[in-house]
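Each of the next two complexes has subunit A plus one other chain: subunit B in the first, subunit C in the second.
Up next is the complex of A and B:
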């Protein structure tokens, strides 16, 4: 038991953090709800109550898998690129512009749009990446600024050149049918983007853990000095990491448009970039766990929506829980004493036997 | 073009610039002081939101402006200290911890607001507001008077805070420690400075500044609390402080540049100028300025570049 706990301590820590988060949530519901029992069961089991709600979980998770996987790559190299939000947004705007102005059969159109948006997203990520790699400019600040640039540039592009004036509000023209990712389950909005997201996650896993460049990325994250003395080209690694992060996050934005909205309708940053930070942390920056984390976040969100619809507990409960969970997971010293005690106990046991 | 100039070079416009800049100056100083201690603080967004909320609620329940102010500042300091606790004690990365705390602030304020009001009609909560203030002699001077006088008292506090920031950072032992820790934590530790404690103090002071900004937003700029009302100002503050090199006067100018552009976009929205593009300019400028700063620090003759850089800082600092 002890050996098992120690071997999987990160997973145990994550599980405990999630458990504490859920306990806080139950506690808050008991405090504020007039019928706590009902509210708790609505929150926990509501997401599984119908086909519609189960579908919602995956619809919400799809774009977050993209941003979460993208950020895992960056975080593994200790690059705190928090520009997924901006990349997600502006790539969707540029991709929409491209999709609306071209027409061809879907089997060319869809891959081409994904290629264009991936390339653009990569270039977008290259800006903070180059500055970091060349001049050691803080990618945190540049990425944060570029989020705003993305917002305003995207608004400019869509509202001035691709705005559908026939629609009552500020949205772009509808995508041509050849650019829509088909939905494959009746009466839901689950679309092929979810398959694409999982493919990207599996690829990212393979890339990070089974290729040389992936190894270099993780080494740079663990110890950049060691990496440099070990002959790793840190400049190259940082550039690659930022390009990949921008490309995957950006592609996620376009996929969300192609699968769900079918036209660009964001007048503000939509938030999936920040959600990506959450799932990257909960998934401990491992692309495959990130998929699970994104589905978990989708589950929490749908639970929150159910609460809003059917109880007196506000949706924002979910924001409280998710921040409590990520705070505990990012706190590296959380439970570290327990771990240290177990290590010592195990060592003495082994020495005695 | 002439209408544009007319509307921009009006008394109302410059009055509005000061008003819009106020909730940027406070958090920018908060970002600046943590930056001086060697940390990037993107948690001002959450600090402002918590303080804005606390101020409104306390002012409604106690009907005392003073208590609202104290409670708001206390909430900001608590939030700053919490960020410090997670970063320094529990070894969380400060960026990720700040992202989490921003989420927490966003969720907690709305959650409590709905619970407290018991319903959806949250704008019914009318907060007390800080008074406006006419400066006796100044107000009678033409042009300058109407621009500078008659602002909310927090606007004057904001300008005063710039001076306070300068004094704290450059004229007090704590300020010296903060700068020492920021420039070289190992050297600071070797002369007996408790690095973590100094960083914690810097975060708590940034909580004070952020709280004042948040309080102004909900109790001066408007008189209510609404969902996510900080609307990115905590992030703009990072830009403003960065642009000003985290120095007192520079941070003030950086904040006012953003205030100017944001005000201008309101004024020119009726004209045929793409206001979206105009709004993106200061952010792009920040990226460029930051790139130039770091390129200079990164120059091959690194030591010399760094020392002249700081020499210039001192020079700038003496001006205000």
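Up next is the complex of A and C:
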């Protein structure tokens, strides 16, 4: 038992963090709700109450898988690139512009739009990447600033050139039907993007752990001096990482438009880039765990929506739990004394035997 | 003689699971010099850290003059009359000697203001009382390392230390400075102080200690009067088997030069010229040893040889190719291997697996990957082979490399570098901080590489290592080569010392400049 716990300590710690986070949430609901029993059950089980709510979990998770996987690649190279938000947004705007100005059969149109948005996202990621690799500029600062550039450049593009004046809101023209990702379950908005997201995650996993470039990326992330010592081209790796991160995050933005909104309707940064940071950290930067983390986040969000609709608990509470869970997971020292005690006990046993 | 410090059945386990002290018992008699010897990782430093209150034991008792003693922090140990001089000196470089000595217990004027004059006076008094000359009004940063160490000792004495613990005090000293330190320790002993001397240098232990405690793998193997032990005997107890400390035989065949450096100049970031007009050659089948106090340009020189630092001027020829402008990868492809000075910094990625660390220079070989995919199966088989051939103690090639001991991590590095089939091996401090068993094993590997016709360039702060392995020796001081010895077999540590300290230098005419 002790041996098992020690071997899987990261997973155990994550599970306990999630449990404690949920417990805090339940306690908060008991405090604020007039019928806490109902509210708790809505929060915990509401997401599974109907086909529509279950579908919602995956609809929410889809774009976050893209951004989470994108950021996992960056974080594995120890590049704290937090520009996924901007890449997600501006690529969606540029992709929309491309989609509404072209028309062709869907089997050309969809791959081409994805290609264009992926390329654009990659170029967007290249900006902080090149600055980092060449001038050692902090990618945190450049990416953060570029998020604002993305927002206003995207708004300028859509509002001035592609705005649908017939619509009552500040939105773009509707995508041609050939550019829509089909929905495949009736009465839900689950679209092919979810399959695409999982394919991307599996590809990223394979890429990071089973290819040359993936090995180079992880080596640079673990110890750039060692990578250079061994002959790895650190400059090249940093550039590749930023391009990939921008490309995947950007593609995620366009997929969200093609699958859910069907026209560009964001007047502000939508937040999926930041959610990507959260799931990349919960998933410990492993693309496959990131998928699980994104679905978990989707579950929390749907639970929150259900609470808002059907109980007297405010939506803000959900944000509180999310924060609590993430704090607990990311705190490296959380439960470390417990781990140390187990290690010491085991070492004593081994030394005495 | 009274027992001043008695340690009984002490256990210490670190939070990462390392058992550092296992049921350790030692008695230390007042007024003696008591050496604690053992390989790195044998638990000697940990034991003293427990005594000094830096870390706490899991179980067991310590008594000081018969009274139970369990310091929870160093200040308690200091109050009880224990002083410790750490391996890495803990002095404020910008402050003067006097200020450093009184730091923390300063004389005050009116109870508030630091009384500089009285600090100088006190420092002077204590320096005279113990006959340890130090320039009390000079800043630490201007003093040589041996004098700094003396300041550390005075600092402990000023706090009325009766028991002085010195952790590997000679690691950073030249032979001459070491001798001065030993005279100091003898004096202190005569004045009734007790000294605990931690070391793994056996000659020194034999020279200075009255009693020797030998530790191996967290346990005490034996405690004996030094007079009853020979150097070979201590070494055998330390390692558990016989070891060979004698010089290696000179090589039979020396081939043509494989590495030639001509008129190399380098400047550090801070503008100081680190390497001045350095020229030398290393031929296939020989080991060129570089002696010198650390920080005299050796680090920069080595990094230039492997492409990690740019040079100002001069040539570095591998075969006939000038590599001064090439990338580390290109240089490796020309057949240059590098055992780096700081293995945790450059030599490995600590949290990656052993196999991932092994392939950093060879993952692009057809055996291990296509342009896209890595064949982990082949990597695993290759790593298993190296673990076997180089006698690395490791559970699985998939374990994190940092889970190994220092000696075994170094063996992984050496295994990688030597199995790359290099023409030139650039080895910098190849055995730093490894246990004596690994020390010996690594030496065997380096000599084998030499015998297979590789050119070995060896930089080391360990003079025993330089003398044991080198075919020829050069000495560096302040970035220059100040002496060349074409036949290392007749050279002694005493011969090298004056050159290392910059007291002597060979005339350029008498030094055979190989170019």
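Everything that follows uses one rule, which is that the second predicted complex is superposed on the first by the 353 of 353 C-alpha atoms of A that agree within 3 Å, B and C clash if a C-alpha of one lies under 4 Å from a C-alpha of the other, contacts with A are read in each partner's own complex, and residues count from 1 in each chain.
Heads up, the rule we're going with is that contacts are C-beta pairs under 8 Å (C-beta built on N, C-alpha and C of every residue); 3 or more make two chains touch, one makes a residue touch a chain.
Bear in mind the structure is a predicted one, so any value in this text is a computation, not a measurement.
Colleague: A:309 contacts which: subunit B (first), subunit C (second), both, neither?
Modeller: neither
Colleague: When both complexes are superposed, which of subunit B and subunit C contacts more residues belonging to subunit A?
Modeller: The larger set of subunit A residues in touch belongs to B.
Colleague: Tell me the contact category for A:160 with respect to subunit B and subunit C: first, second, both or neither.
Modeller: Touch partner of A:160: subunit B, not subunit C.
Colleague: Using the superposition on chain A described above, determine whether A:229 touches subunit B (first), subunit C (second), both, or neither.
Modeller: second
Colleague: Which of the two partners, first being subunit B and second being subunit C, lies in contact with A:281: first, second, both, or neither?
Modeller: First partner only, subunit B.
Colleague: Is A:146 in contact with subunit B, with subunit C, with both, or with neither (first, second, both, neither)?
Modeller: In the superposed model, A:146 contacts subunit B only, not subunit C.
Colleague: Applying the touch criterion given at the start, work out whether A:348 contacts subunit B, subunit C, both or neither, answering first, second, both or neither.
Modeller: second
Colleague: May I ask you to decide whether A:219 touches subunit B, subunit C, both, or neither, giving the answer as first, second, both or neither?
Modeller: second
Colleague: Which partner chains sit in contact with A:323 here, subunit B, subunit C, both or neither? Use first/second/both/neither.
Modeller: first
Colleague: What is the shared patch of subunit A, the residues that subunit B and subunit C both contact?
Modeller: No residue sits in both footprints.
Colleague: Can you list the residues on subunit B that touch subunit A in the complex?
Modeller: 40, 42, 86, 89-93, 95-97, 99-101, 103-104, 106-108, 110-111, 114-115, 232, 235-236, 238-239, 242, 274, 276-277, 279-280, 283-284, 286-287, 290-291, 293-295, 297-298
Colleague: Under the definition above, what is the set of subunit C residues touching subunit A in their complex?
Modeller: Result: residues 11, 13, 15-19, 22, 58, 218, 306, 308, 327-329, 332, 338, 340, 345-352, 356, 359-361, 363-364, 369, 371-374, 376 of subunit C touch subunit A.
Colleague: Of all residues in subunit A, which touch subunit B in the complex?
Modeller: Those in contact with subunit B are residues 28, 32, 80, 82, 127, 131, 134-138, 140-142, 144-149, 151-153, 155-156, 159-160, 274, 277-278, 281, 314, 316-320, 322-324, 326-327, 330-334.
Colleague: Note which residues of subunit A are touching subunit C in the complex, please.
Modeller: These residues of subunit A touch subunit C: 210-215, 218-219, 222-223, 225-233, 336, 339-340, 343-344, 346-348, 351.
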